[in-house]
């Protein structure tokens, strides 16, 4: 296992851990915006994981998914914001 | 949701997203992507637009063309009339008219339903090419040579384009319907 | 994951079914969507899972480099996802109309059609 | 040959450093998300932390591959992240304010008052007040009731 | 034959139009038809009498062995002549009887249809063409009984008759199928040729029973007799034609037709004789309990049918002879009496025996007809009825089994007939002639002509039996017995024999019975309790009970509860699958998968935990929005799984779809009513158990299938052809747009329809008063 | 702006043409990309020298601004990271009302995005009259709000306006 | 154009028609013209295709020109051609009916395109020779049904659509899973290839029951067999008659078609194990169907429940699994499509005139509308299986096949069921037609407007029903031929996998 491989493994592990920790924030909330923010961070985490995985597998085509995610990951937040605004007004 | 920052950002970003979606459409044959993903990306671009600027604004910006016209005056010859129409419609679209202008206009609306139909038609037509040429339905025909980014041109690509249009139309139809309610 | 995923999918099936059996319409729609997801995962799991190898022929090659994931289940899955999306979208709107019309979100209020 | 090998090693090392850096930022952002006291501070912490983290990871990746189309993709992702993240943050923050998400009790809201007054959001002032009110609401609805 | 039938059917179907065109003159073509057919049949008489059956075959559905085969032998001809002759008279009679009914056209339609079917029935050689006509008679009878459709009794009676005879029809169908399978023959003539083979066949007994069921229902044998009296709700011409002269005799006809095949069987003999005798007795007994003329006639008809069936059961040449003669005699006098009853009803508005008296003066022609018929019915010399009765007595006494029962049945019913005959013939017309009954319409020739003709024929035939009809009757009896040696000679006078003594005794007892008839009637109400146990009320209870139970059952299983439906489905699936997995397939080898555990990396475990936790959270959360976010989370995790296993296209699609789903959800939800939490409340643990069962079955299936997965040929082919032949590097996409483009075409169609559907769902609101 | 699009498009086309030769005259790497980009920049500069040089004047400023921004990004991120990993919170959250000099929608948007991206600050909303930007800031040195405003004004708003004008 | 190319026309015709009608969205009149043209063309193509199949045997084409197990095959044999022809005939009838009977608003919201796409789905299911493609066409068909059942958004429609959707979604999920299992175990999707594999010595043959159960449940739901039919009575009566006639008349049989196809082609080797189950299911399906119908007092609901009981008959042929019985099922499917559609149309006319479907609120039709009454009567008696009407032949073939194979109880059940069917039909006749109009409804006027086209559509279908009954021979022969083809799967396999050798 080369240094690079070890790095990737560590990175993967840490990012996965981040995913879990973020999920905890998601679970405890307390408000909906908190959850949405957590969700945003999860998206960012997933982008990171995909990036690491791309290196891991050496296959660049996975990055395309990351692009898509980076573009539309925030649609969720926007939509929820939209929703909360609509019900409040 | 009227927020200036979001609306402005989206207004700037939508063309980028659309370009990106077309890029994804055409590279789909060789890389991840294709008509479906491209179509979804394109339609999500419009969803953003709708969320940021409202259905009406989206329909106005992207799904309708204003045609300007005026009733020909006796002293305006046919050619002059035509030229004026042409100039107005091509060149001076954005020029604000004075209150009592001779110009009036009509809107040509591009309905998402038609977009869907066009998409379906394109997809079917790509398959019919083979049928017309005596081969089974959907037999692929390719143009010789390659084009940058896209690669080879052929009926499967046309099919994918049909898928793209249909998906675009479908999501738009849906979102327009839902958000207007 | 090859061994985890069947269990995960099984859980997904269970949860989705539980939701479908819930009398709240909203849970019903959640159940439907989760059921679709579970089905997709089922297809993916039984279709054979290959780590890393992607069904795309790299620039310069004529064949995909082994081992590569079977593209067939992927293609089927894509089609199924899209179809599922169409149906789910319809289902969501349908549920909304049911809400509006029946002024209730209780599935048990929807038993008029079968009354003799 | 030797030169190629060295280049490879340099690339790997730089890439490793960037990736680890990025991951660290992500991790810290996550902890921030868990630790910070109110929504707004959490928002502040993660928007940047995650953007920077993802950016670093991606640059590391780009350097490792060192190919133009991958670089292009990396730049595209970074660009999109850097454009979308603040917009999203703004939208959510604005929503949170309108949704009367509580501020941390130590937050200085003096300059924000006109805004809150104008938008009839006077109740959003600080955490404690919110909590008292929330509890009062809960007492009114003993069965919990979920969201709207 | 086919031409005759086709003409009948065509004229039948054109009857309403003819009525529109000709008005009340429609009777002319309608009456000409049966007489025409009768004339045609008469031309065939010589052939038949010379033992050359008229045979015609028309291919229809040869691949099932079903053809329009006709075979006219003595039995058929006898029936055919009866049908056409009666038919003609009834047509004329009906024209007067239903003079003012605007639906006369439809009446003629049904009646002619019936007549045609009856003709077909008695001439058909193929089982299934017989069955065809059999069912048409049932249906036309249904329509005729319910002709007075505003009358509820008429409707229910018609329904009852149809259901009872329909049941018999189905039994018959089963029997015919069994016979055709057992013998390979589809025609009676074919079957008769190989009767001996079939009697050994396993299908013999079931076919026999089914035939009996079919015939008994049609011929109103006990315990299926109850529909016939109820069927008297039909207009009187119908009762006269269908329910005395023809349709009810279809069963007799078929029994007679099949007699050569089955008569060797003891079951056949005993059942026919027993049921026939019982029916005869019962009919006679019940006839005495009623005052309605039509009811009386109906019960005596049942009784007579019973006698005929009993004769068939006895099966001796004498019995068969007696049967054919009695058949004719009964048809003549019963037809007359029905018509007379109809005329009386038409003229006085009443059919009640107790109210009617002394009509002879106001309707002398009718009185004559009635008297002739009742004399025949009572079995008085020189009427044909007398000959029939004598033959019956003879046959009953000569029977090799059940003699007491058979004799009792014949004798006692004979006594009852005499009583009834006196009541009908004497009491109604000649008793109290001084006190005239008021009548509203004087009977026209059309109303009294037909019964008069029938009555007179009864006398003529009685006086000169051998002159006209004996040859035909003989051929008929021969057809039934299957041998040419059954010879028939009829005499009005046998000399002083035992039978004659019995006849006289019958008359005396009958007179006695008439005298105490009023007393019987007074006590008849006491029998109500017994009727409640009878088949009629049994039928009603069965009918109501079935409906009630059906309602209960249906409301129980189809109760509108969607969840229950889903549970049925899931349990069905899981149960079967468990069975298959446990008993029919190899089991999963968990030990062989241990090495897979090594492949699990940390991030995969995290992913697993994340999704599982998200699902658990989803189960617990009561917030709608949070649910949606969690759903998104699960969807995104699925996308991550797709990425980890080399499916970027799928992952991208999943991501986008998930996002869009969330958008749709959120856009739709903001105007919904407040989210009221509804717990499962009932049966929560059942649901959990079912859900877990289902999940477990699916998991186990997945593991099993994983164990046995094979390498696919498709993968290799697509891998090779993708770039070389399809010009694409992304194999998944190439599959989607090229290799399996048709799937994609269907898929985008689904999307288009979904959009259209959503559009309509949201925008199209129900209209008030819209068309169904 | 148009020039920028032109520049980018030309760069892409050039890069594509170069890299899709067989054999490629230049290796696939970042240096090639930079080379192409700069060459096109230079060529454009040559052709438009006489009538439109705004773009070329701004380009260095953009790069400088970018560099400043990245520095800010990292430094401030480290600051927050420190606050996160240490047990005690040093932050003093404040919502400040930042008076906008930027007038157009695009400027306001860009500014707010940049502010949001910079750690420690988060733009919450723009007032209806587009005069004030409400910013949530984590660290306000000595509660000196004015200092923060100046810093934003000088560090972000002014350079941005220079670029967009 | 070679004969093989014909195969794609039944797909393209409705699709193109639908596309054109979407372009003509605002003009329902022109849409109707398009639909009419498509229907006529569809019928002609079906006739030609049937002719071709009868002459030249099984027709196949490979979509995309990819060779057989790799590309998607379109296949038609006598069975599917026959079914397509029936569908197209019924389609024209329903179209004619809906032309006058359906309200304008529904037409403005896409009734015509949905109708056409539904037909496309039916064609796809009938023609495809690929198991996944089959799934896709089923989904096309289903989503069209969802949309059509909900079209108009009346309360009962929404409720029905929700139940229909939920249960069919579960069915689709199971089907999809089953397809995954099939692919994983046998590595093929082409039906002919799968048929070849299960007839070879593939190592996974002992697992064939696993996908078998998936498909039994999945298609069992779509075909509405016991105990999976519950969605049907909940939804089929809800939409306007123009819709429910086609949905109830045609769609439920399509599921049965698929079961017959798959179970003869692929799962035939496991059929022995499943036969007792299938026999039981078929008996229960028909019995419970009629019991349900007997309980109803609504014209449409009675008809809906009878759909189920007749599904039992169709399943009976498969359960008995002799050529005659299967031919009986096939004949029965064809008969039932036409008759059921027609009965629904009659109920529509009755309701159009008398404003109700409830037997309690109807009456007096016999005197007011004699033509309609007789139209109903003939169809109803045909449904009850009275000779010489079409229902009789199917019943006869099934009963004979059942007796030959020794399934006396099942045949007995089927005959009893047929009696109850007669009961139900005459119940409708008694209540709706014979019974005088209920007094409390006398003031509500009966619609007497002339609606020739409604009558025409019913008469048009009735002509076919009568033809099917009176001159049943050719159809019976074709049904037998179909059954032979189903039983000799080698023909099918050869036609798809070795088209050169097969010709």
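Note that the chains take the letters A, B, C, D, E, F and G in the order they are written out, and that residue 1 is the start of every chain.
The definition used in the following text is that a contact is a pair of C-beta atoms (placed from the backbone, for glycine too) under 8 Å apart; a residue touches a chain by one contact, two chains touch by 3 or more.
It should be emphasised that the depicted structure is a prediction, and the values quoted were computed from it without experimental measurement.
Following the contact convention of this document, C, E is the list of chains adjacent to both chain B and chain G. Steps from chain A to chain D, minimised over paths through touching chains, total 1.
The most centrally placed chain, judged by C-alpha centroids, is G. Interface comparison, E-G versus B-D: the higher number of contacting C-beta pairs is recorded for E-G.
With chains reduced to the mean position of their C-alpha atoms, the one farthest from chain C is E. Among the other chains, the CA centroid farthest from that of chain D is the one of E. Between the Cα centres of chain A and chain F there is a gap of 24 Å. Rounded to whole angstrom, the centroid-to-centroid distance between chain B and chain F, based on C-alpha atoms, equals 32 Å. Taking the mean of the C-alpha atoms as each chain's centre, chain A and chain C sit 22 Å apart.
Chain centres here are Cα averages; for chain A and chain G they lie 48 Å apart.
Residue positions of chain F with contacts to 2 or more other chains are 112-113, 123, 125. Multi-chain contact residues of chain B (touching two or more other chains) are listed as 1, 3, 5-6, 9, 30-33, 36-37, 41, 44, 47, 113, 116-117, 120, 124, 137-138, 140, 170, 174, 178. Within chain D, contacts with two or more other chains are made by residues 24, 29, 31, 43, 51, 67, 83, 85, 87, 90-91, 93-94, 147-148. By the touch criterion given at the top, residues 51-54, 56 of chain C touch chain A in their complex. Chain contact summary for the complex, chain B toward chain E: residues 28-37, 40-41, 43-44, 47, 112-113, 116-117, 119-120, 123-124, 127, 137-138, 140, 142, 151-152, 154, 156-157, 159-160, 162-163, 166-167, 169-171, 173-175, 177-179, 181. Listing the residues of chain E that touch chain C in their complex gives 551, 554-555, 558-563, 566-567, 570, 593, 596-597, 599-600, 604-605, 607-608, 611-612, 615, 618-619, 624, 627, 631, 634-635, 638, 641-642, 644-650, 653-654, 657, 660-661, 664-665, 668-669, 672-673, 675-678, 680-681, 687-688, 690-692, 694-696, 698-699, 702-703, 705-706, 709, 712, 714-715, 718-720, 722-724, 729-732, 735-736, 739-740, 743-744, 747-748, 750-751, 753-754, 757-758, 761-762. Contact residues of chain E toward chain G in the complex are 16, 59-64, 66, 106, 128, 131-132, 135-136, 139, 142, 146, 149-150, 152, 155-156, 158-159, 162-163, 166-167, 170-171, 173-174, 177-178, 180-181, 203, 206, 546-547, 550-551, 553-555, 557-558, 560, 562, 564-566, 568-570, 572-573, 576-577, 580-581, 584-586, 698, 701, 704-706, 708-715, 717-718, 721, 738-743, 745-747, 749-750, 752-754, 756-757, 759-761, 763-767, 770-772. On chain G, the positions that touch chain E within their shared complex are 15, 22, 63-64, 66, 69-72, 101-103, 105-106, 108-110, 113-114, 117, 120-121, 124, 128, 130, 132-133, 136-137, 139-140, 143-144, 146-147, 150-155, 162-163, 166-167, 170-171, 174, 177, 180-181, 183-189, 203-204, 206-207, 209-210, 212-214, 216-217, 221, 227-228, 230-231, 233-234, 240-241, 273, 277, 288, 291-292, 294-296, 305, 348, 351-352, 355, 357, 366-367, 370, 381, 386-388, 392-393, 396-397, 399-400, 403-404, 408, 411-412, 415-416, 418-419, 422-423, 426-427, 430, 433-436, 472-473, 476-477, 480.
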